[in-house]
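Have a look at these structures, which come just after this line.
Note that chain A is present in both complexes that follow, paired respectively with chain B and with chain C.
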Partner chain A sequence: MTMTAVTEEIKTEKAAANGPSGKTLWLLAPGVLWMLLFLVLPLAMMLYVSFWTQTTFKIEPTLTLKSWITFFTSDTYLGALWTTVRIWLIVLAATVVVGYPAALFVGLFVKNKTLQTVLLVLCVIPFWTSFLIRVLAWRPMLGKEGAINMILMKIGIISQPIEVLLFSELSVIIGMTQIYCVFMVGPIAFMLGRIDPSIIEAAKDLGAGFWRIFRTIILPLSMPGVVVGAIFVSVMVLGEFATSAALSGRKVNLLGNIIVTQVGSLKWAFAAVAGVVLTILMGAVVAALLRVVDLRKEL
Partner chain B sequence: MNASGIKFGLGVYTTLFLVFLYGPLVVLAILSFQTGPEGGPQFPIIEWSTYWYKHLFGLTPPSRIAPLPIDQGLGRSMLLAMMTMVVSTILGVTAAQAFRRKFTGSGVVFYLIVLGMMVPGVLVGLGMALVANTLGIERHWWGTAFVLHVVYTFPFAFLVMLAIFNRFDSSVEEASWSLGVSPARTFRKVTFPLIFPGVLSAMLFAFTLSYDEFSRTLFASGRDLTLPLAIYGTFSVEVHPNVFAFGVLTTLFSFALLSVYAVLMGLSVRRAKRIAVQEEA
Partner chain C sequence: MSAVLQLSNVVKTYGDLRALDGIELSLPEDSYVSLLGPSGSGKTTLLRVIAGFEQPESGAIRFSGKDVSNTPPHERNIGFVFQNFALFPHLSVYDNIAFGLVNRAVDPVTDMKLLDRKVRDMISLVGLAGLEGRATTQISGGQKQRVALARTLVTEPQMVLLDEPLGALDANLRARMRSELRMIRERCGVTFLHVTGSETEALAMGDTVLVLDRARIAQQGDSDTIYNRPCSPAVARFLNCYNLFSGKMADGGFATAQGLLGFQGHPQRAADPAYAIRYDRVDIRPAGAAATADEVQIEGTFIASEYTGSAVNAFFSLDDGKVFEVEAHLSHRAPENYEPHRRYALAWKREDALVFA
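After this line comes the complex of A and B, so read on.
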């Protein structure tokens, strides 16, 4: 009996090596089915509907390119596409510039493990406040009578409040940078923490200065972290619409905002076109970032 | 070029960085104690008061500022987060359990699941609304929005459980099987207690992500508002300190949740230690 049990087990192991065995299949089925029905199907539907005919109040399943042509000939939509790309690039650069030095300090210069953990936890705590509240929190900071203007006027740096701080592209960029830069700090600090200290010691012993060590050792070894952070930030910024809705006073229209307004006025086909364009943009960005660094090799 | 100078400079920078992260939240918390109803969402504080907190709970005399529509939204969001938590944790555990064996096509399945946390809410939300419209399904927070919440949180649960199973010693399970214990009982008595910390983390992820989620809910939830949607509604109108007071309260709620998690985690670690000590004795 034991023998048969053993041979049976060997059999199942062999089957497992070839394809999902019966048990594995049953374990996987619910999750995979859920994703196919509620993730892949909706995205496919979006692509399909983008070719439907849009009339004033409804859509009809007659295939046409009209919505696509409207999108690529309209200044509003192309403007939104350009704004999305611009804001994404600026915020991405800002999160790297703002986040890298902090990650450098936490990941490389803090040797005490407890302090390191405390600093990382401090970076994560703001996430326990609702995302929308964190966005709204910038209003009393940046407004004409906001905290920043008040402080600057008290110190005497400015005599008139800076009005461009709120309800402008700048406020959207500031808000997004603050909200998303932690996604940059985390992966970079993680990669920096894995650098073998003896490499840096060796470079020091050979007489390399800090900048040289930074350029030739630290920066290249932290690149996978930057890429992972960039993927996080890119995907989130490209799909944004709430920050621009709250902080730009409708002056900044991202593709996400276009989708929201089009759905609001029941222009489903246009919304779908904007959605497909956004998906393609995002896919291209992630694919390009994965090209830069082979993550499977690095992690 | 001295390293300690650089370290000092970076330390100062990191402090400023933390000020940047926390500044807006601190300002928001201070302004939530502005006097009402005439005090606006800006400095100076005219008089310290808890007016806006009372305003949230409808304890103030009616004024021109409408109360936040949170009473029903709160219940819906809680229930939705609970449902999402249960379903995505179960899906996460089962899927990760399947990944303990190597099988062909595991790469595709892995990316399919992880895609759920990568695709922006506005896209799946739009897609779901289109599917619902075409099939003639009514959109509700407990239906179309709920399934999207799970699409979002299930990958987190899955990744957490995958990490747990990676460090899991399967010989204890095999020992249990070889002693003739049924697989179901083995899972309940041996596997589950060992993976419990992971399950707890997966639940925490799922609950908090769902509780705060709104871009998926926006298109997929129909008429009834969840809590984040009620907040989103205030974006287009003038903001009053009652939203700030609400922000402070939700943050406190999150911290309460986090402490429950920490206590349960501590208990499970202590129990594991006690068992280890018993085994040694």
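After this line comes the complex of A and C, so read on.
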């Protein structure tokens, strides 16, 4: 009996070692094909085009480093890269600061599961309107004669409208934080909801106060949620161009805006360079975030 | 012996449900107390109220001379061992045990040498040496139980509450952990309050046994008293060793569906009258056998029997459909074979019966 069991085991191991069976390959085929055609190929193409020769009106497949050199010597492009990184870091921090307490409330302090779901759905409700409306709705809020300035002037806190509210980096950050915050709240609330309440009670019983418990138990156990949320927010903010275009009055140029402008004026090689830089940046950010927490172990 | 914990008239309600209905309780110092109750009797609520996780609506909780009714759990110095152990999943065995000492709000241990000594002493006391670095997912159920206990004991609580601590273990391990828990308690010298739904566990472990029934303490006493002289039919029912007949007092006995059943002595006071006879006090005879004057005899149809090694439990169906259980200890006699669907006489001595009225 034991012998046969052992032989069976060896057989299965051998089958596994021989590679996936025919059935597995068929299951993989559509996905692999799709990714090859619409992800790997375009990425390779983008990298290739970034080395083409760009003249004012046309682009030729003669390989050159000119576009790359232009990109890394131009203040405009390097400035855009720096702005992108800066806005990304600020928005990421802002979504954590705004999102974590909200998630803590929904995931840990709301004991009723139905109420939890209702609150999470409430977070998603802004997404029932279109992206553009959500962004543009900030204009009458933040503008010189917008709601916030009007209210502040009415109650006499300020005598002059605050002009920096709209068409500035601040308005871009406010807009992005509002739009992407929910992607931070969701994963964190999910991880917090999975913490066994008796673990927190055990910590209380062992004598720890709330902040101690938060730092030693709740925060470490919710880190995978923060990392997943940070990946969502990072990928979306790094690729952003619409919010900055609509709320900065073209004063804030992100790499995404550079790409849009370059493509608009048919400068494909420059656009490709910016695209490659952006892709590498995103890849590095995601890789770094994944190093923080071993998601495969945690989820 | 002085009392370490005193509860007076503690009431806890959830909506319309009275989970604790005027609990009066006094636990002695340095002893093992087991709390027996069927599921839904309020055992866990009682523990949670004592630990401070739940606030009672009324009543006072005095712990080592102080009123702790409004003290938060982390300042009570009462240890709680959870049914599912509730180990910190992201910490190693060592860090789980060190957690309380390092992180408690009152008098945390900052001297790393002292901390290490205390943790290592506790690890060897509960027999976890060699597993310090393991993750809590890499140890067995019995080891998790020990970590949960060690984590609580290392903070030197004045009392430890255990919520069905053996419930998550398999039968073999349960038996071994029983004696180990008692041994560990003796070495620490604190009071353990052990909640369980198993009557054998409660009787085997407790120096004092409390029986909880419908949100009240039904009886408090040593194992022997509880087992032999349950104070109410409900307590007798939880002990799972009494055949109970409902009925009422009548001339010359207790009137039940089986007729008039005789008894000796005075009936005990209880809200719902009942007649109880222990499983192992009943003699099985062929139908129609004569009973002596000091015996009570009824008849029943044999259904089946269950062999447990040291004893055989035989089940009989009485004329009103009630199941009657008889336990025969095999140290006294060889197992007898009864024929299914055949009638037998079931007899017991009048003096062995307990009557509640």
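We adopt the following convention: the second predicted complex is superposed on the first by the 268 of 299 C-alpha atoms of A that agree within 3 Å, B and C clash if a C-alpha of one lies under 4 Å from a C-alpha of the other, contacts with A are read in each partner's own complex, and residues count from 1 in each chain.
Definition applied: contacts are C-beta pairs under 8 Å (C-beta built on N, C-alpha and C of every residue); 3 or more make two chains touch, one makes a residue touch a chain.
What you are looking at is a predicted structure, and each value in this text was computed from that prediction instead of being measured.
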Chain A as common anchor, with chain B and chain C clashing or fitting: fit
Contacts of A:Ala203 with chain B and chain C, given as first, second, both or neither: second
Partner chain in contact with A:Pro220 - chain B first, chain C second, else both or neither: second
Partner chain(s) touched by A:Met150 [first = chain B, second = chain C, both, neither]: first
First, second, both or neither for A:Trp34, with chain B first and chain C second: first
Partner chain in contact with A:Leu115 - chain B first, chain C second, else both or neither: neither
Contacts of A:Trp138 with chain B and chain C, given as first, second, both or neither: first
Contacts of A:Met46 with chain B and chain C, given as first, second, both or neither: first
Winner by number of chain A residues touched, once chain B and chain C are compared: B
After fitting on chain A: smallest Cα gap, chain B-chain C, Å: 8
Intersection of chain A interface sets (partners chain B, chain C): 209
List of chain A residues in touch with chain C within their complex: 196, 198-199, 201-209, 212-213, 216-217, 220-221
Chain A to chain B touching residues, read off their complex: 16-21, 24, 27-28, 30-32, 34-46, 49, 98-99, 101-102, 104-106, 109, 119, 122-123, 126, 128-134, 136-141, 143, 145-147, 150, 178, 182, 209-211, 235-236, 238-242, 245-246, 256, 259-260, 263, 268, 271-272, 275, 278-279, 282, 286
Residues of chain C defined as touching chain A within the complex: 51, 53, 72-75, 77-80, 82, 84, 86-90, 99-100, 103-106, 151-152, 155
Complex interface listing, chain B residues touching chain A: 1, 3, 6-7, 10-11, 13-14, 17-18, 20-25, 27-28, 31, 41-43, 90-92, 94-95, 97-98, 101-105, 109, 112-113, 115-116, 118-124, 126-131, 133-134, 147-148, 150-151, 154, 158, 208, 212, 214-215, 218-219, 228, 231-232, 234-236, 239, 243-244, 246-247, 250-251, 254-255, 258
